[in-house]
Amino acid sequence: MSIFIDRSDRVLVQGITGNEGSFWTRHMMELGTAVTVGVTPGKEGQSVEGVPVYHTIRRAVAERPADAAMLFVPPRFTRDAVFEALDSGLKKIVTIADGIPLQDSVQIRKAALSCGARVVGGNTSGVISPGLAMMGMFPYWIERVYRPGRIGVMTRSGSLTNEVTAMVVRAGFGVSTLVGVGGDPVPGTRFAEMLPDFQDDPGTDAIVVIGELGGTMEEEVAEAMLSGAFTKPVVAFLGGRTAPAGRRMGHAGAIVTGGKGSVADKIAAFEKAGALVADRPRLVGELLVRALGPRS
Amino acid sequence: MSIFIDRSDRVLVQGITGNEGSFWTRHMMELGTAVTVGVTPGKEGQSVEGVPVYHTIRRAVAERPADAAMLFVPPRFTRDAVFEALDSGLKKIVTIADGIPLQDSVQIRKAALSCGARVVGGNTSGVISPGLAMMGMFPYWIERVYRPGRIGVMTRSGSLTNEVTAMVVRAGFGVSTLVGVGGDPVPGTRFAEMLPDFQDDPGTDAIVVIGELGGTMEEEVAEAMLSGAFTKPVVAFLGGRTAPAGRRMGHAGAIVTGGKGSVADKIAAFEKAGALVADRPRLVGELLVRALGPRS
Amino acid sequence: MKLFEYQAKAAFAERGIAVPERRLCDTADEAAAAAAELGCPCVVKSQVLAGGRGKAGLVRVVASVEEARAYAAELLTGTLGAAHGVRKLLVEAAVDFARELYLSITVDPEAATALVLACADGGVEIEELARMSPERIIRERVDIDVGLLPFQARNIAYALDLEPGQATGFAALLTGLWKTFRDEDAELVEINPLFVTESGTLVAGDGKLVVDDNAAFRQGGAVPSREYFDSDVAFEAALEGIPYLQFDGDISLMCAGAGLTTVVYDLVNYEGGTVANYLEFGGPNYRKAVRAMELCLMNSPKVILIVTFGTIARADVMAEGIAEAIAKLRPRCPIVACIRGTGEEKAVETLKAAGLQPLFDTEEAVGRAVALAAAPSRGTEPGGDSGGRP
Amino acid sequence: MKLFEYQAKAAFAERGIAVPERRLCDTADEAAAAAAELGCPCVVKSQVLAGGRGKAGLVRVVASVEEARAYAAELLTGTLGAAHGVRKLLVEAAVDFARELYLSITVDPEAATALVLACADGGVEIEELARMSPERIIRERVDIDVGLLPFQARNIAYALDLEPGQATGFAALLTGLWKTFRDEDAELVEINPLFVTESGTLVAGDGKLVVDDNAAFRQGGAVPSREYFDSDVAFEAALEGIPYLQFDGDISLMCAGAGLTTVVYDLVNYEGGTVANYLEFGGPNYRKAVRAMELCLMNSPKVILIVTFGTIARADVMAEGIAEAIAKLRPRCPIVACIRGTGEEKAVETLKAAGLQPLFDTEEAVGRAVALAAAPSRGTEPGGDSGGRP
């Protein structure tokens, strides 16, 4: 099973003719993703991996309807590209762009919320259901990381994803769906907003949350557990416990979160909610075994 | 019966300490309207007709909850005042201001739509349910116009309201609720958006629509009749049949409406939908008699 | 308020929109000098606010400096120009174009957005085209707070069949037009025709900019000047803030509110009468009876017809103003008065004291006014309604 | 990027926010002249980016021109100033204030709005106050597209217990602060303290402006200059676009990605090791191994610890870069390498050829690095991992 993306989703790729766009289009298709149409302004008439390219999304979907948009678009053009996808009614959007201006990211999330759409990213590798489909750029060919299974993974960090997920696999588990919400201060989708999907997914037995210093996304997961909205086992891995304060937004950032946001706060919130907390990657596998029993 | 406003609605008055604000607050209360709190920045601590005044809506409703906001605020401050009311969750807002900048009025309507609120006006006398309550400034003491009854009235024109409604009363009828949507190019609420309320109101037997040259609000009423969404008898009065084209927005205005907007177009649309159309005020009463049978 | 083409183009050019090289001229000599400077053929364009300048003969491509001078002189001093109020000319370099497009921005009242309209068939009667072939009009709604986004410009550009290179130029132009729309608080900005030159650049062939008088307070609040009005009366009315339209019939309307005034206009026409002027005497102007009547009298009407049914504008105050106006202006034409609403009883007394016979029904008042206008002049006393003198 | 107080105040003043009269000074003589011009007492403020200047003795009210000169000299040439990198001083007229407020604008990531924060207790440790007495913080969300509306300024002003006259001034000031936030693409604008003078006017006592490096492309794209960085290495890393933090321990981290690098930092600390520097060698920088290692070596670390698990950044490319760096730089300290991900097999070969022993487990790599750092120096060959030499 999968959430967010499966093989029935027709994926439109924005920026399909670029280096990254064409490279990952091929890999998304190789994994089984239904990439059906591409967009690059000025390149209509070309094709990439057999996928036809249009100038605009409106022209693309008029001929080839799509369910989701995958953006390989530079950060400075991401806001425009996301708004274009929303304007054509696309409700699942993934953007990998690293370096979206902060105020653009506020506008992106606001627009997504008001459309009832989900924008995952930026600054993420995307979403993958191993063995099934992906929107993003994952080295799905690395078997010790991208093995299909019944553990949901959510992460803010691209670089930690392989590190931690390898421990999930080493402990005998696999991944149902992995969602990289991204490392930006204002991600389009927050951890807690993915929980209902994992809760409802019969293919997910437990989730691993790969969190970090700063913000309140981890605390929101803990709140969902406490309120009973999310009832499956949660293993949380938190980096930055000993790190010097790296607050992106200085005082005001800390004020916003009302004193939340430190790793200690996050651990306390998770423990209060009954999550198992790992401070080393290796512990993640052990805690999953503790929660679900040993595998293979 | 009434729609929009009745005696249970707690009305907050913005601009209550001004000449118009205080004068019409007294009259709204005399008619029976529950004016419970007022706002004028800088005037907190004063009272008008026994109604306490606060600096801001937020401070006002913290002490005296309100259901509706009545604005006696100059046009240049109207956008701010409407946003303030929406921000405090008020869902019924009436603004009389004549001369709201066009682009402000677009922002006002957009905000109201996105909040699920109803802003009536600007450039209107407001809403009255004769004998019961009002938000606005109607000379309810003129008995040959403001007699309670079972005819709903919607109008774009303040100056035609008394003229036409007097004919409703002369024919032996009275008014359930009169809604002045206002004469601006971008009214906060459009005729067709009031129809569900009149449709559901057991106290309304038929409606009179007082229309004008320009725009498509009358055509939208005709569409609601054709679609079966509105099924009560409709008498339409249309002014401007012989008037020289007075399009506020030149060519583009006419393009927007796709060639609609002339009085001839409106009459054709109404007649196709089964409305009775009057081109003289006196005919309105006769047509109501034709639709409902004679009264008194 | 609609601005002149030369003003619209200045506003466009300020925001990076390409416009033809041009000179604003007050005299035929200036026009000839401009033609010499810009090179011939060039275009001489009357700066008037009315549409349809081409059909009216107010725009011409001239082949020589001498033709420029002669045509300019004709416009500025001849009867054709005088009839249309031509006071200034714009002399423009001719543009070699491959295509003519239509482009404008206005508002969508129902969706509560701004609306960009474009059409591949520019330079034509766009209104007529919209009625006949609405599918040829490209529409793009723009959130007025978020503003125009590049993808929207691309949507329009490719719908207009522009080449990729042209699409980039189009996006820049439309961004400039959007800025004009927002910065100037416009009701309408329009470029028709928008030229696509042989080399693929975009040039505004004409320019229309209608600014919102209601937003004047944040736009420097310019006072209207005479050149924007067709007549002295209309200009004076505008200075007073009194809505006024000039006609050439018999009956001066002096009524309260746009809706009621329009209906009285209809009723006069239905009864076979003719209107000398439309004047709104109500709302914020209900205390300006003297000035309003003075404006009406400038048309030498056969009858002044006053109809009001006041909500805020008190009938008694209006009646007092009318009495004062009659005393001051001593009009020689009859006055028909139908003044109702708040303070009506007192108004009736005041009107009677002023020698008028108050009426209470609009249609009756219109009938009376039309009859009076049709009757041969009987040299009634100033201010007297033929039926109303004691 | 955080700007200096004098830059923040210039940005504020440009948008109509009142700031004290002030002079930017590079020397003690300039500071003395400024004090004479502005009158004493006045305030001498070190222009450094770190917070807590008052506690650190970097700001002082001086009573005389001579005191200004002496204190300025101490800051610009003494050890206190040197320790904090004081290069410029701001000399400001003293402000007679009745109250001190706090005011800032940042973003609310969950609501996806801008967020104005205010507090009646300014000039204090606002972060501490927020933790202890969150109810004293006034919050007003602002739609980033619609912008700040006057009613929101009034909400805050009256919540701060300002008088009606002050509320009007506050609204104007907050409008200026909002413009700064939007125009400058700020992550944070902050005034703490915001003085309310005896006469009721509002003056920015301090100014903080953190601009968004990601938006530099639309802000003129200024290149960072040395003064914004605490060390030469940090400055050079910033010029390369390499995320870098300076510490004073033994192990130079050269890892891929913020998340993994942070975890390695944790693990080093868990194992009792110390970090010389944090350096992200990944994402867009994964081809910059030579430059990255050069920066690490500037700290003379006992060990370089390389950990990656690449998604886009290919392991084989990184390994090649490391081999090239070892060949070029010939580091005298051991290197522990744990490079995984795409192209891993080829990377293993490359690393081995370069004399390193590739590891595959992060915790194992950290353990090895900490052990090496703790061991007495054994004069190993340059570039050699003590355990990895063939």
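Read from first to last, the chains carry the letters A, B, C and D; within each, the first residue is number 1.
Rule of thumb we're sticking to: contacts are C-beta pairs under 8 Å (C-beta built on N, C-alpha and C of every residue); 3 or more make two chains touch, one makes a residue touch a chain.
What you see is a predicted model, and the numbers here were worked out from it, not measured in a lab.
**Q** For chain A versus chain B, what separation do you get between their C-alpha means, in angstrom?
**A** Centre-to-centre distance between chain A and chain B: 48 Å.
**Q** Measuring centre to centre with CA averages, how many angstrom lie between chain A and chain D?
**A** About 28 Å, centre to centre.
**Q** How far is the middle of chain A from the middle of chain C, if each middle is the mean of its Cα atoms, in Å?
**A** About 56 Å, centre to centre.
**Q** Mind pulling the residue numbers of chain C that touch at least two other chains?
**A** 143, 145-146
**Q** Would you please write down the residue numbers of chain A that are in contact with two or more other chains?
**A** Within chain A, the residues that touch at least two other chains are 107.
**Q** Chain contact graph: line, ring, star, complete or other?
**A** other
**Q** Can you name every pair of chains that touch?
**A** A-C, A-D, B-C, B-D, C-D
**Q** Considering only the defined contacts, which chain D positions touch chain B in the complex?
**A** 146, 149-152, 154-155, 158, 164, 167
**Q** For the complex, which residues does chain B have touching chain C?
**A** Residues 20, 75-76, 98-104, 106-107, 109-110, 113, 125, 137-139, 141-142, 155-163, 166, 183, 185-187, 190, 210, 212-213, 215-216, 220, 239-244, 246, 248-256, 258-259, 279-282 of chain B touch chain C in their complex.
**Q** Which stretch or stretches of chain B touch chain D in the complex?
**A** 41-44, 55-59, 77, 79-81, 83-84, 87, 107, 111
**Q** Spell out the part of chain D that touches chain A in their complex, as residue ranges.
**A** The contact residues of chain D facing chain A are 2, 51, 104-110, 112-115, 117, 126-127, 130-131, 134, 137, 143-145, 182, 185, 187-188, 190, 192, 208, 210, 212, 214-215, 217-218, 245, 255-263, 265-267, 269-270, 282-284, 308-312, 340-342, 344, 362-363.
**Q** Considering the complex alone, what residue numbers of chain D touch chain C?
**A** Spelled out, the residues of chain D in touch with chain C are 143, 145-147.
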